[in-house]
Every structure is written in structure tokens, then in C-alpha cells.
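Next, two complexes with subunit A in common: one pairs it with subunit B, the other with subunit C.
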Partner chain A sequence: MSKSADTISAPASGMRSGTIGRLLHAREFRLAIALFVIGLLVTLREPRFLQASNLEQVALSATLVCIVAVGEALVIIARQVDLSVGAIVAMSAFVSASWLEANPNGPLVLVFLIGCGVGLAMGAGNALLVALFRIPAIVATLGTLAIYRGGVIVYAGGRQISATQLPDSYGHIAEIAFLGVPILVWLAIALTLVFGLIARFTQVGRNLYALGSNPEGARFAGIGEGRHIAFVFLNSGLLCGLVGVLWGARFGTVDAVIAPDLNLQAISAAVVGGVSIFGGSGSVYGAAIGAVIFAVLQNGVQLLGINQFWLQAVVGAAILVTVLFYSLFARRAEEAERMSRHQAKRR
Partner chain B sequence: MTRLTALLARWETFLLLVLAAAVITGAESSHYFLTSSNLSIAIAGAMPISIVALPMTLVIITGEIDISVGSMIGLCATIIALSIEAGCSAPLAMAAGIAVGALAGLVNGAIVVFGALPSLVVTIGTLALYRGVAQILLKERGVSDFPDWYQAIGFGTVGSTPIPWSAVIFLLFFAGFAVYLHRTRYGRVLYAIGNNRTAARFSGVNVGCVLIGVFVASGIMCSVAAIVLTAYLASARSDTAIGLELPVITAVVLGGVNIFGGSGTLGGVLIALMVLAFVQNSLGLAGVTPEEQQIVTGAVLILTLVVFGGATKLRRTWRGLMQSWASE
Partner chain C sequence: MLRSRGRAGAKKRIVNLISEFFGVSAIELRGVTKRFGPVEVLSEVDLSLDAGKVHALAGENGAGKSTLVKILAGIHQPDAGEIQRDGVEIALNGVSDAQRHGIAVVHQHPALFPDLSVAENVFVGRQPKKHGRIDWATMNAGAADLLAGLRMAIDVRLPVKMLSVAERQGIEVAKALSIDARVLVLDEPTSAISAREVDRLFEIVRRLKAQGVAILFISHFIEEILSLGDDVTVLRSGRRVLTARASELTPEKTVRAMIGADPRKFFPKEAAAIGAPLMSVRGLAGAGFVTDIGFDLHKSEILGFFGLVGAGRSEVAEMLFGITPPDRGEITIGARTVHLHRPQEAMQAGISLLPEDRHQQGLVLPFPIRSNETLPVLRELSDRLGLIDRSREAEVARDFTDRMHVVATGVEQPTNTLSGGNQQKVLLAKWLIPRPLVLILDQPTRGIDVGAKAEIHRIVSRLAAEGTAIILIGDDAEEVMAMADRILVFRNGRIAAEFARESFDREAILLAAAHVARNAQGPA
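And then the complex of A and B:
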């Protein structure tokens, strides 16, 4: 107990600053350990887990959620929430797939531009409602979730675009590998790192944390609230647009009802990754690891031959256990801080 | 005069205008709209959402949220189905469903209070957990051997009148919830908690106890909604009421309840429920599919908030202008 008190009060007093020591106590490191333990448990029961082809499947299923979760993490860090991500992905996927169906020889770059443009436009809708009209994000994106999802259903008109109607080059995007790892996975890693660095080291990134932990204080400090809120929603929309294009490439088939609970998946990944739902704390890396944890859990349930009906219960239990663990941890940290403050006063 | 302007500036008054507009456009677009049988169908279809909107209003007024309502309905429907499969009588099955609903709500409340955790996160977790348990228990089966009187709860009407039984159930609960929220001390406590939790605690309110109570109420009302919904659909499955949380929260927010807690009335929520039910019904009469109707639902939600927000801002500017003019 006293040991944990020591380590927790250390960053505040600046006494312990070894890089390794800090790394060992980072939340992301604990998450990585949790991920490793889950992987180990699955491997012990079913060694096939470690086969390259299986790991590739796990990585691929983690990537799309991971990219969305990275955008969602920034939104949540700024004390907002974006419930419309799944609908944006569906719209982007369908619009870009139907454009590609009509222009099979069109350049793929243009498909990406179209998908990202669709995502950006829908993100702009969210940004407008939250930043300009001051509607609480949870309500505004609840409304746009319905509008966007309904919009793609009307636009698609019950149609389904399958891989045979699309040029092969599109589906190949998901198959290209670099150093034996699919390029989609590299893309997710790169995006996670870029946004992690933006959040940690740029002014915009720090402002997001400031806004999330104390909006009023941030306003008094001269941080433009509207601009930053608009930024997180535009960014989330853009990333969802990108994921929409990749979705079609990865799964081949696109219809209007894909990604029905992507919003809950992305929020769960961020929360399990240690992003506080009240904003102001957590990291993009944690959210990415959270997405991977869920992918491993899903794969584990399939591999171990556990009935597919158990998956949702396992996911729910995982979310509850993690947040309860965090709450326990936060309470201990609070107590430790109080104790160290008490000791300092005595001295 | 000031009382009149205060009344006019209320959210509920504004919603009544929206409701009138919805009814007039409905009647304009189809002459079936105002027939008693159509209104009866529209109301019966909206009852499960309405029943859950009552406790959701209380939950949101205290500054919390319950995302797991759809899954709790699914879980209760599953329990009812299993009990009937096991040969229980329908009343016993209903009691089992209500007990499990109360238990599910208790779990939500206990985790939120004792874990000191945000309810948004906890109920996202239990959303997956309860639906998962329902799927484990009932798999892909559907149970529909309900007695006739049970099915009458869903779409039967009182005698020869066009009033659905489910609406009677809803109105009884609505009266109970409205009296509790607006006419008792306990109702004021909910607003106090939503406005300033620390102040409420220092005034001697057992905040944890009240919150658990509110979540248990949510669970129990979900089981009531499960009964009405399984009766309405004449079948109970583990995927009953998937995604129901979104229309419920939409109705409560449209009803003028502040999503951050502390303000809102059940009267507003009632009008909002009617607006949504009539808009959806008239769209249905016009041949718009339910999937396409959600565009209109979302647009109604956002437009109402934007317009009312704009109107409030205009009024403030106007008042400021008048005051500066008067002082000169």
C-alpha cells in the first residue's frame, strides 16, 4: 500500500523521473499487460491463436475500430461525445462504393477523397450543431445519428454492393502487405501515433485536454472553445470517412446497415483504454489498445469454440471489470495523495 | 402580462405548437389520420417507448443516463419467454420478468453508486452484458404461446372504445410518476441532485440511495415495457427492443429535459412522445418505411432545439434592447 502511495505521488512531486519508471506506471503499459495476459490465456487453451493468419485477422478486425476509436478519443478528451460515427462510416462506405461501381476505372485516390469528403461534411454537420448552436454533443449526435443512418438507408434503397460489382484493385487494398503486415494495420498504427503525438505535444492537443478538464478555465485562458470543438468533430468525421472507404475494401460487401453499433464499440474502446468519459484525461494510445483488446476477445471467443451468443456478455463484462478497476485505482490514488499531503503538512 | 409571456416562453408551449403542426400536417396528408382506429394504432405502437421514457426522465433529471434500457427489455422478455416455456402461468412469468428487471436496474445503480462511475459508461457495459445474457439464455428461439388476455395487453382495446389497454397502463404509471416528480418532496430531491449533487448531499439527501432507487425504477419499467412489447409483437425473443434507448432518450430530450440534469417536466415528455408518435404514424400512412422515418425523427429533435435556442437568444437580445432603450 505504501509502495503504491509512493509511486502515485511521485509525478506530482517530481521526485521520480526515470523514463522506465514512468513507462512502467503508465496506464497504457498496464493495458498492454492486460492484453498480453488475455492473449496468453487464449493461447494456452488454443495454440492456433498465435498462427500468423489468425493474428492477421485479429489485427485487421482491430484496425477499423481502432481508427474510429482514435477520433472518438479526441472527441471525448474534449468533453464531447460523437454517437454518429457508425452512420458516417456507413454513408462514406456506400457513397464511395457506388461511385466506384459507376466508374470502375476511376482512380482509387479519388475514391478516398470522396469518402473522406463525405465524412468531413457529416463531421461539419455535428461541429455546426455543437459549436455554433450550442446543442449538447450527446443530443446533437443522437439526432445526426438518426439523420445520417436514415439518409444512407434512403440513398441505398435496400441495395447491396458486393465485391463482384467493384474493381479488384479496390479489394486489393486490404490485401497489400508491407513487411508481412497488412498495410491497413500500418495505417492504423501510423494514425494512432500521429494523433497521439498531436494530443501530447501540440498546442491544439494540449488545449483539448484543458477544455476537457475545465471548460470555463480554458475559456478564461483564451482557448477558443468553438474552434477546438469543431476540430474534434471534423476530425472524427474525416477518420470515419476514411474507415468507410476501407470498410468496403476489407469486407467486400457494402449496404446501408453496416457498423450498427460502431459508436458503442468506439466509446467502449476509448473508455477501456483509460479515456475519462468526463474529458480531460486519457490518451489516444489507450483507446487504440482498447480496440485491440476487444478484437482479441472476439477472436478468442470464436477460437475457443465458445458459443457466439457469449460474445456480447463477455464484452459487457470486460467493460464493467475495467471501469470498476479504474475506479478502485483512482480511489486509491486519491487516498494516497491525501496521505502524502497530510504528511507534508506535518513536516 | 409577464405571467403570459413566461407561459409562452415555456418549452412545453412551444412543443404544443409543434404537436399541433404535426397533427395538422398528418390530417392534411391523409384522411385516415384522424380516424379513431388509426390514432389507436399510433398510440398502441408508441407505448413501449413511452413507458420507458417515464423512468428515463427521472434518471436524466438526476444527471445520470441509462443506455441499457433496450437490453433490459430484451432480458425481461427472455425471462418471460423462458418461464412460459417452462410451463409457468402468464402472471407468474410476468412477475419473474419484473423481478429480473428490478434486479438488472439494481445492478446498474449499485455499480454507478458504489463504483463512483459515470452511468454512461456503466450502462454501455450492461447494455452489452444484459443483451448477451438474454442471447445465452434464449439463443435464437422465439416464444409466442401467450394466453389471449396477455396479447390483449399489446393491442386490445378497452371494451368497444378505441383506447388501447397499453395506453391505460401507461396513463396510470404516468400519473404516478408525475405526482411523484412534481408534487412530492422526493421529486424535488431528484432536481436537487441533478442541479448540485454536493449541495444535495450536504442538505442531508442520501444521494446514493436515491440514485439506486431511480435505476431500479428504470429496470422495473423496462420489465413492464417488455410485457407490453412482447404482447404487442405476440412473440418474445432475445433481440426484442434492440436500439430502443435512442428513441427513448430522443423523446425525453425533445420533451425539454436538460441532458445534464436538473430541469424538465413529465408534461413536456408526454407532448414530445405524442409528437413523435403522430409524426411517425403520418409518415407511415404516406408510405415511408420506419428506417426512413428516423431521418424525420432526428430532424425534428435537432430543428426544435435549434429553433427554440434561436428564439430564446432573440428574446434575450430583444429584452436587452428594450432595457437599454428604457434606461436612456
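And then the complex of A and C:
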């Protein structure tokens, strides 16, 4: 093992090499720049954007979407989709809150276990339908979306659980800070990093990319399709369960119709973050940055006093711009690079 | 990593020496039989792959070569017979079983992951790990090592979608080497790459052979079979009909074994007086590799297009039907020069195409026979408001369904409940209803039973007698010979030979399609 990859195969001309070159080339880097530019534009119009209290609000609102988007990113990388995430969060949030309401002195750890358990069970439902019964994910999770949401509505019976009915320690979770940054934000960062490492450095993670890139090839390579599909749905459910518990802690009030747009937000964050909707490429880091971009956009719309109803249109435009950018420029650049590679070889 | 591969290499040499001493093959198939439903695709095939030798496998399309490859790859399991490795019976119940026994398969269509890097593709499913996490540095270095051994200079961090077809094939070979394969199966590796790249591939194969790898090489090209193979086995209709040393074979002898001496099956062909020229094609080129295609087609003539898969015949059909507009060339129908950029334009010019893949391109399966048949002429069946005249539609559909002898309860029966042969008749009706001057049939009898085949031949023959000019594209030389008045043989995107009906000779036609396939290569 004396030679390194770089010395053996000299990169053909046109390929960027070296750590810095690769960093500049990474899609996540371009996303970070986009995020910076958006932040700058908002600040120029409204300097209050940079106030610590405002940034904290932005970070907190990015947090919950970010955790869901990380789970969703893995689902999409494996060429699946999970539309039921919002409903799972709502179910987990309401079940946890009503347990706490009944047992105000119960240990908080148990609330987390209950919430995660609910999420895992619902993820298992999705996994069963897609991995075992081979129902296309978009149909299966469209169905469970309605079932889970309907289940929550029936269970809640129109009731709302507010902060006054819950122990203070619960709401306190959202207020704990470490180094001046809310613990929820640290949690989202930690989860993003952990899943980033899983995606890049574990066999399961790499198999997800392989499966998403070429399902038939994965079969030829002996990669079990069912197990991996089950994994992404269980994982997504688990993360949604966790977010459900955090949702109640952050907002104080829980009812059956919370997080109505979360599935679209999570998918949008992943897509804007560079996860290919056709599977096989992208990263959880990109999805996390995507979630932050949307939080900044949302905050910007509020700060600049733009009509709230424009927000959805702005988010939609952001998605289309990203996808257009990819199909118009990035793909063309890739094509040019491929051409230059072949010409370089011929010389 | 390097050292361990060296050790494994030494182990392989020792195993090979022992195997040679006892006269056992690396892998041996005995009496392997495989059925799909009632169809026996392999019957009692024997095949032995010896260390340091290339065993070439030849056979016509559908002879069972691909099934054999899939059995060796662990994708299909035989219904009878046994597989031995070094004289011991083994079971290949999955891809990982085959890998564990050192069998590596380079499939006809590379099964790579376009979004993953070259290095990951080489080690997919078996990435090297350190402390439980994937060791990218070792993986990249290992892949670079393997590629350097194959004299391929590729950045192993590039995604595979950036590579050419030949480079992808090289990656497949590197993948095979990374499992330290004792047996390497190459399934038609030369069908999609240039002559120069074929040379490089052969060089690699010869080097692996010298290292003691047992190789099974499958090709359509007789010359490649004879120049690269030490031993040659020929399959015909799922049976092994010949195994011999390559040095004892000639191209003629091999082709004869491939086609066999089975009695000619006659298809009914009505004698038709060939009429005036109807369509003429000059200098047609396009689809990347098709060049200089020129021919005339007469009224009442059946013109056969024969060639191996990828020779360009279907591409020419798609140009004539406006699916892939040609880059160059002139098409005239009657006295009019036509420019065909869309199928609608071709249909207006009087051309119909029965596509090769009837499930994907032809029928809307859940729809009834009626809607499928009248799809191309709905506009003519509509009134001024664009509403379809249902009674006229049903009348037209009934008329053609009867003429094609479709066996069905009526024109409202959904087409997915019909047999393959009847589906094909519905498709024929669909493309006959516009009353084309020129009818192009791309493998019209593929995958249907003998009775339905004969019926379709009779219909085609009668259409020609009634004046329709027909282009018949076929895989089966016998079928094309039985039906056609004239045959154009395609090879590498050109017309390689032309045969008139009186000089039809199956061997000559097959040789023209396969023999001397790569002039540039010039084997020793």
C-alpha cells in the first residue's frame, strides 16, 4: 500500500483534484453559498435578521424539519419516497403529550421512548407495504398518510393539549442551551453528522446509494432490496417519532392537525439540497442545508413584511430554480467534462 | 491488500496445479437442464471450464447461452443436473454463492451503478473496512491497482456515468478480478465496443488466462470465437451440439453446427407478382452508426432485413417510421421525396411499423381490442366536433379482427386477456387499418407459438399479394428466408450483402451477418 490513488491514476484534464478543489466542487458548498447569499439579501433589506434572537428562531424552526429531512433524504436516495412523515409526527406528538398529561410526573425518558416507538411502528407499516407487499412507495405512503392522519384525528377527538396541561419540564427541553445555542439545534446537527457518516462509511449506507442508482444492478451484486427498503422507512419513522416529541416541547400546543405540510417541506429540503429524486445521489448534509434555506426564506418573508401567502410560492420557486439550475447548467457542465475527458484520453 | 492478493494468487496457482494433476476442471456442468414453464431452454448441457483456458460458447439467438450464464452467476438454478467445482458438487443459489466459489460474471449489459464512483463500483457490496467503517483510501487504492493492472488510466473517484461503454466493461472486469475470480464469464462483451477496444479486451483476457483463470467467452462473432477460444462449444435450441478444440474448427463448420441440419419448416408463402418500385432509399445514415443504406422496395414485395442484434436493422426501421430522424439520406415514396421527422408524418406518407416490443410500444393492454385497433385512425373516425363515431369504430374493428382471425369473444375483450399470438394479430390489424403502402414488421412472430406464427405468415403473405410492400425484420434466418423475396443482410450499421430468393443459402446469409465481422481486428 505504498501508492495512493492520486499518484496512480492521474486525473484527466478538467477534473478538479485535491481536497480544496473537491470541496469547492461539492454541491453542498454551492448550497452553503446560496444560503449565504439569501441571508445577505434579507439582511440588506432588514438588518434585524442578524439579531441573535432572530437567528435562534430561524435555527429552531429549521431544526425539526432538518431531522425529518435527513430521514427523508435516505429514503429518496434509495429511490423511495415517504409522504407520511407529517402524519407520523402528529401521531407521535399527540400520543406523547396525552401520556404526559395523564402522567405529569412520569420520567421524560419514557416520553421519548413512547414517541419513538410510535414513529417506529408507523415506519414499520410503511416498510411492510413497500418492502414486503411491493406496493410502490408513493402509493403506499399516500395511503398511510391518510390512515395515520385519520387515526390521530379520531384519537384526539378534536381535543387540543396546551402547555398548561403539560409539565414544565417538558417545555423546558426546548429552552436548554449549550454554548448559547439551543440543545435542539445541537441535536439536529449531531443527527445530521451521524447519518452523514452512516451514509458514507457503512455498508448499509453505500448499499442505499447502489440500490437507488441501479436496483437491478443491486440484485446482481447480491444486495438485498427488501432489507434496505425496510431500513429507510423504519429509520424515517423513528426520526419522525423523535420529532413528534420535540414538536410538543417546542410549541407547547399539540393537536391532531399539526405539521400539515411537513412531508412537502422535508421532500423539498432534500431535493433543493441536491438529493436526486431518481435516487442514487445526494447527501444528508445537502438535505440539512436545504432545511435551513427554507427556514431562512420563511423568516425573510416574515421580516420583510411580505404577505405570508407568498411564502409557499417562494418555496415552490426555490425548488424549481434548483431543479432548473441542475438540468440547465450542472448537467451541461457534466457533459462538457465528460467530453473533455474523452478528448484528453485520445491525445 | 496487495500482499493478501499475492497470497491468494499463490493459493490459486497451487489449487490449479492440484486440479490439473487429478484432471478435474475448475467448474464443470453436468447434464444441466432448465425449464421456464413448459419450455425447456437448456437440456442436459455439459460444459467444463479449465484453469488457464478460454472456452468459447456459440449459438444463435435463443440457443440458451444467456440462461447458461445466469445459472453460473447464481441468478437461475438448474432444474436438473449438477455443477462441480474442482470435482466437488456445489449449489449456486444466489449471486453471493457464485462469488464465494470464485465465479465472476461480466454481463452483456454492464450492471454498474452510474452515480457511484469507479472504486465503489469495483467493490460494491464488499467495500474494504477498517474498524467497522468503510475505508475509502484502501478502496480507492485497491481499485486504482486493479485498473493499473488492466492498463486503464481512470480516476477511480469519478462517477461511472462519466465513462464510455468500453471503460465500463473494463470496470466490470476489474470487479471480477477484485473477487480474485477463478472463473470469469464474459457474456457477449464485444457487441457494443469498437475494434480497437476489442483488441484491448482480448489482451486482458489472454493475460488472465496466463494467470490461470478459467474463462467462458460468449460471442456472436465466429472469428472471435475461433481466435480467442481454446475449446468451443456450440448450443442449439438448448442442447449442446458440438464441443471441439478451436484449432479443429472452421467458420463454416461452426455455423453449420449453430444452425443445424434440421428439416426446413415451410411457411405458406403465396406467389405474388412483384410490381413497380414503390419506395426508394438512398444514402440513409444516422443513429450514430448506421451509414450508407440504400435499397428499392417494390409493390407486393417482401424484403427481408436480417442481421445480428445491434447490426442496425431496427434502427433503419425506426428512421423509416420517423422515430429517429436520419442524419442524411433520401427517402422517396412514389415520385415524392418525404421527410420523416415524426411517426405521424410516416403514417401520412403511407408507412406503418409493427414494433419489436409489443408490450411497450404496441398495445395498451387493459384496453379492449376495438380501442387498440382504431388508435391510429381515431381522427378519421371522428366527426367535426372531434367526437368518435362509436358505431363506425366498432364496425372497422370487427372487420379487421375477423380478417386477422383473432380468437376472441368480441372486439370488446381486453387485450391483456388474449394469447401472445392473438395480441400480435390485433397489433397487425391496428397498423393495417390505415391501409399502408409500406408495412414494416419488426420480428412479428417473436415469442408466439407455432400455430399463430404460421397464421401471421399467411396474413403477411396475402397482404403482399394484395399489393402492400413489406419489410420483414427477423432474427431467425429460416423465417426470413421462407417469407422474403429478397434479403438484405445488415452488419455494423451497413448492408453487408444482398440475396435474391433464388440464391438464398442459410449458411451464406449467417456468415455474411457474423463472419469477418471486424475487418479492422485482423486476428492471427
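As a working rule, the second predicted complex is superposed on the first by the 321 of 347 C-alpha atoms of A that agree within 3 Å, B and C clash if a C-alpha of one lies under 4 Å from a C-alpha of the other, contacts with A are read in each partner's own complex, and residues count from 1 in each chain.
By our rule, a contact is a pair of C-beta atoms (placed from the backbone, for glycine too) under 8 Å apart; a residue touches a chain by one contact, two chains touch by 3 or more.
Since the structure is predicted, the reported quantities are computational estimates derived from the model, not experimental observations.
Participant: Thinking of the overlay built on chain A, is A:E216 touched by subunit B (first), by subunit C (second), by both, or by neither?
Facilitator: After superposing on A, A:E216 lies in contact with subunit C but is clear of subunit B.
Participant: With both complexes overlaid on chain A, does A:G226 touch subunit B (first), subunit C (second), both or neither?
Facilitator: A:G226 contacts neither subunit B nor subunit C.
Participant: So, does A:P47 touch the first partner subunit B, the second partner subunit C, both, or neither?
Facilitator: neither
Participant: Would you sort A:P104 into first (subunit B), second (subunit C), both or neither based on which partner it touches?
Facilitator: A:P104: touches no partner chain.
Participant: Once the structures are superposed on A, label A:A146 by its partner contacts, choosing first (subunit B), second (subunit C), both or neither.
Facilitator: A:A146: touches subunit B, not subunit C.
Participant: Considering only the defined contacts, which subunit A positions touch subunit C in the complex?
Facilitator: Residue positions touching the partner: 1, 3-5, 8-12, 15, 197, 200-203, 206-207, 209-210, 212-214, 216-223, 276, 280-281, 334, 337-338, 341-342, 345.
Participant: For subunit A, which residues count as touching subunit B in their complex?
Facilitator: Residues in contact with subunit B: 81, 129, 133-136, 138-140, 142-147, 149-151, 153-154, 256, 260, 264, 267-268, 271, 277-278, 307, 309-317, 319-320, 323-324, 327-328, 331.
Participant: State the interface residues of subunit B toward subunit A in the complex, per the touch definition above.
Facilitator: Per the stated touch rule, the residues are 111, 115-118, 120-122, 124-133, 135-136, 139, 243, 246, 249-250, 253, 259-260, 289, 291-299, 301-302, 305-306, 309.
Participant: For a test of understanding, state which residues of subunit C touch subunit A in their complex under the given definition.
Facilitator: Those residues of subunit C that touch subunit A are 1-2, 73, 75, 94-96, 99, 107, 111-116, 119-120, 124-125, 127, 129, 132-134, 136-138, 140-141, 143-145, 147-148, 153-158, 162, 164.
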